[in-house]
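Look at the two complexes coming up: chain A is in both, with chain B in one and chain C in the other.
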Partner chain A sequence: MRRDLGWWALLLPAFLMMTVLYIAPIVQVLAISVTEPQLGLGNYDRLLTNAGVQRVILTTLRIGLLTTGIALLLGYALAYVIALARPAAQRWWLLGVLLPLWISVLVRAFAWVTLLRRQGLVNQGLQASGLIDAPLPLVWNEFGVVVGMVHYMVPYAVLPMLASMREIDSRLLAAARGLGASRGTVFGRVFLPLSLPGVVAAGVLVFIFSLGFYITPAILGGGKTLMAAEWIKLQILDLVRWGMGAMLATVLVAAILATLAVFSRVVDLRRLFGARA
Partner chain B sequence: MTGGYGAGRFSRGIAWATVLYLVLPITIVLPVSLTDQRFLSLPQEALSLRHYANIFASPAWLAAIGQSFGLAVVSTLLAVAAGTLCAIGCWRLSRRASDLVRVLMLLPLIIPSIVYAVGLYRWFGKLDLLDRFLGVALAHAVTGIPYVVITVSAALAAFDPRLEQAARGMGASLGQTLRWVILPRIAPGIASGAIFAFIHSWDELVMVLFITSRQVFTLPRKMWDGINENLDPTMAAVAMLLVVFTLGLLWLDGALRRKRAA
Partner chain C sequence: MTLPPPSASAPAGHALALTGLTRRYGAFTAVQDVSLSVASGQFLTLLGPSGSGKTTILMMVAGFTEPSAGSILLDGRDITALPPERRDFGMVFQGYALFPHMTVAENVSFPLRVRGLARAARDAKVRAALDLVQLDRFADRKPAQLSGGQQQRVALARALVFDPALLLLDEPLSALDKKLRGELQEELKALHRRIGRTFINVTHDQEEALRLSDRVAILDHGRLVQQGSPLELYERPATRFVADFLGRSNFLAGTVREVRPGAMALLAGATRVVQAVPEGAPRLALGTPGLLALRPEKITLLAPGEAADTEVAGEIAAWSYHGTGFSLAVQTTDLGILHVALPAWRAAISPTEGMPVRLGWPADASVPVAEDSHAA
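Take a look at the complex of A and B:
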């Protein structure tokens, strides 16, 4: 143990920074939710009585689930094609997945606004081609939010699923084919079941990221489609209702930790978050 | 992975459509940034660089770029120092002993930044760090640590622990072992971590919205105001510069990884 003392000391700077500058502020949020405006669970009472909060939670869950579902579908097809591609082709596909991941989220939201707004390029194109007479409402509503969020989440869906698909022994697929199974049967009876852990991991990751997402929904929702993160910002910066904002923030963290806890039996969390880099 | 089994036409179709959906919308920024019009549009008669000229003639944009760059450099240095030491400590100590620390270091990736931003707003108020360069640098450094821990841990996984034991066995102190044995071997991993921590700070908006007002005004903050208030082609030019800058950093990371693999 004494011999290890020096190694423990190496953890110290990060540990101190983390506790003083990260954990402490977050614990404070939890504390505010039960102490302001007065001590007690009054803020949490609003979860049952306040229609505004309930609507925000429902919107957040609905958009979160929708985003997760679509990102999983698109991501699965993409991961599947990448996993079965030749190594040289894999590199190009991966580039297409990883590039958007690192492009600033503001740049991406800006690009979507440019494309989707009333005088945007999509509406102009559709009108010029005579397909529509009046511009379609493509942004500053729930549709725009989902388009932008799925765009953000697909790479996060692809990476865990691809990691799990790469572990599938290709000889199993060849054997199934050799024994006379059709392509559909090989996929449905062999590949799909073996890739399911990756699908669950990807679903958990995308869902918890969606719940607390701020920038994209705020820009593409245009203030009309309120999700949890933007509602918290409104409470604290605009209405100065700290208790309510902190309450929903606490609920958000609790929901995320609960999701992780439920799925921690199926999903290796450290690997899930390590897969990103 | 082949063996007589490949992806079918249907899945390839969806995969292609998805990649186009991921990449194409971002490329629209380039033509829009070169428009000759005063409003967001495709170039009508000629290509024009005037929106780029606007950025470089605007003290506000230049100041925001400068401030973001300074913040990213300082917070990256802090995150790299703390994160690298932490990853090395965790690697050398038994898994069970350092498990709590490992999980702790992942928290900023799990907890939404809006929750952290709300807490910071209050906490930094007490510490008198609101709207100060140091405050933002510290906040970005702490949330950048996970990226460094992850990449450095990955580099350490490929490092033979017997080298470290040999160095200690021959009488090297902990400091000497770090300096001459461990750090040189994992330098590419540290560089990767630094690049990701840099991008993290450079792009970060949510915390900045809460803990800054006038003194500190970063590039993402300026873009946020631009998107919400006046959508003009200057925004597209800024976005294009950001894309090019990010691609440059990723290319650098790729080059470092290839070097590590060689």
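Take a look at the complex of A and C:
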């Protein structure tokens, strides 16, 4: 009993630091949503009545789902190629996937702006080749935001899917072919179902990340495509409506916890966040 | 029953022939110029130590590995270039390779599904195949809920359900414990008799090869060393490797000193070893070195005054008791250590270390064997 107490005492400093410096401020901020400007659920009432809030939430969900879908498709193809590559080639592929993670989000967002703007490389290239007459609106809209976010999220989609693909016994694929299945059938009936846990895990990870994106939509959305994080910043720093900002922040936290709760029944979350190799 | 009995109008099994099959990996030759044929309905075992090329041969037959040279013929038709899914061979993989996300019934019905069979026909065949391996009660379980032996039977049912031309088995029993392995060997043999199909089995277990097969092909370093019935291989091994790998052998080296019709004699030190030479067998020339293989169970302990074609004296260097018999290691001056297997029941002696004994064996107990040629 005494020994147990000693062990718990070792945890105390870390626990206090987390409580005082992290949990307490968050709880305090979240509490503002029911205290400012006056006590009550007035701020949450806006969820039902204010078209602006509703539009931000819908935009966030739409962009989040779109980003998740596209990142999963691209990530799956990448993970598939990597999983089937020879070990030496696998290392180079992985380096290629992980390299962007070491580059600042800010740099990457501005890089996309220079590529996608009206006089950017993409529009100029398309115009020069005669495919389009006038520049396409590729940035400072939802399209630009999705491009930037997908670019950021693909590595996060690849890693869980690759992990689950690597667990697939290659003999199963050989067995399926030996039993008469074409390459396509082997993929559809054996490989895809066995890699699904990785797909679900990657989907949850990417979607949760996407809900809270701030820098990428702020730069590539050009102020026209508002997502939740930027809207919260707008409320608190520009309009000084702490109550409204805190309300949406609370909704965001609740939405993420709800997503995790639902999918924790399908996938092993500890594994998703790297607690188990 | 989905599987026609052997007496059905069309022959149930198919014949397979390999001619000059070779597989190289860079500078390494895994399989070198192997020619083999399996008659319809035969049980052939490819036997060899690991790295002998036996699995590579099976993978080439199955279509997963492309031969560097040579061809594979099924009933005389060249199938060398056919992809695995068009060969119609059933295969039981090492570790079984059951699909973990499917139930037992779904696993067994997989080959029928990919062939586009209607549901009713599929169900009937799956039930019959599961009946065949006595697993009908486990149709709705997942593979992970089955024991090793049950998984092995599911793999068998899955490999047989679509009436394959051949059944290929890649070390099918190696993952099981010894007792279960023995039981499943019996079952596999009975299954082969019952359905009369051509089986090709790969194993490194010489006992399994002897028990199951109609024919055994012994491989070493990628080459086919010898093939024949289990009895032929055990009684008349052609090389030192075969004599040593299939069961145990003593090797007697000497120089040919006498050659008579039907027999010859080798001299090893002062010991004269008499060797029978059957009609038509190649004979060794006078004065050349010769090597004989002698099974431990063919050596007898000579009573005082008893005579044998070859006699040698020695003393017991080590011994052990196995229930059915004694194993003796007898030190001799001219022939080195000879291993002797002695039936324990009514054994003439109770062995002790250092005990002097006289050993003997008839001229037809040993066989001349060739030294191994691993060069190139």
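In this section, the second predicted complex is superposed on the first by the 261 of 277 C-alpha atoms of A that agree within 3 Å, B and C clash if a C-alpha of one lies under 4 Å from a C-alpha of the other, contacts with A are read in each partner's own complex, and residues count from 1 in each chain.
Note that contacts are C-beta pairs under 8 Å (C-beta built on N, C-alpha and C of every residue); 3 or more make two chains touch, one makes a residue touch a chain.
Because the structure is a prediction, the values reported are computed rather than measured.
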* Check whether A:Ser104 is in contact with chain B, with chain C, with both or with neither, and answer first, second, both or neither. => first
* **Touched partner set for A:Met17, first chain B, second chain C, both or neither** => first
* To do: Please indicate which partner A:Val29 is in contact with in the superposed arrangement: first for chain B, second for chain C, both, or neither.
  => first
* Which partner does A:Arg177 reach: the first (chain B), the second (chain C), both, or neither? -> both
* Give one of first, second, both or neither to describe whether A:Leu72 is in contact with chain B, with chain C, with both, or with none. => neither
* To do: Tell me which partner A:Ile208 touches in the superposition: chain B (first), chain C (second), both or neither.
  => first
* In the three-chain superposition, say which chain, chain B or chain C, touches more residues of chain A. => B
* Asked: Shared contact residues on chain A for chain B and chain C?
  -> 171, 174, 176-178
* To do: Using the touch definition up top, name the residues of chain A that touch chain B in the complex.
  => 4, 6-11, 13-15, 17-18, 21-29, 32, 73-75, 77-78, 80-86, 93, 96-100, 102-115, 117, 119, 121, 151, 154-155, 166, 168, 170-171, 173-174, 176-178, 183, 186, 208, 211-215, 219, 229, 232-233, 236-237, 242, 245-246, 249, 252-253, 256-257, 260, 269-270, 273-274, 276-277
* Asked: Where on chain A does chain C make contact in their complex?
  -> 169, 171-172, 174-182, 185, 189-190, 193-194
* Structure fact -> Seen from chain C, its contact residues with chain A in the complex are 62-64, 83-91, 93-95, 97, 99-101, 110-111, 113-115, 158-159, 162
* For chain B, which residues are in contact with chain A within the complex? -> 1-8, 11-12, 14-15, 17-19, 21-23, 25-26, 28-29, 32, 40, 42, 78, 81-83, 85-86, 88-90, 92-93, 98, 101-116, 118-124, 138-139, 141-143, 145-147, 149-151, 153-154, 174, 192-193, 196, 199, 202-203, 205-206, 209-210, 220, 223-224, 227-228, 231, 235-236, 239, 242-243, 246-247, 249-250
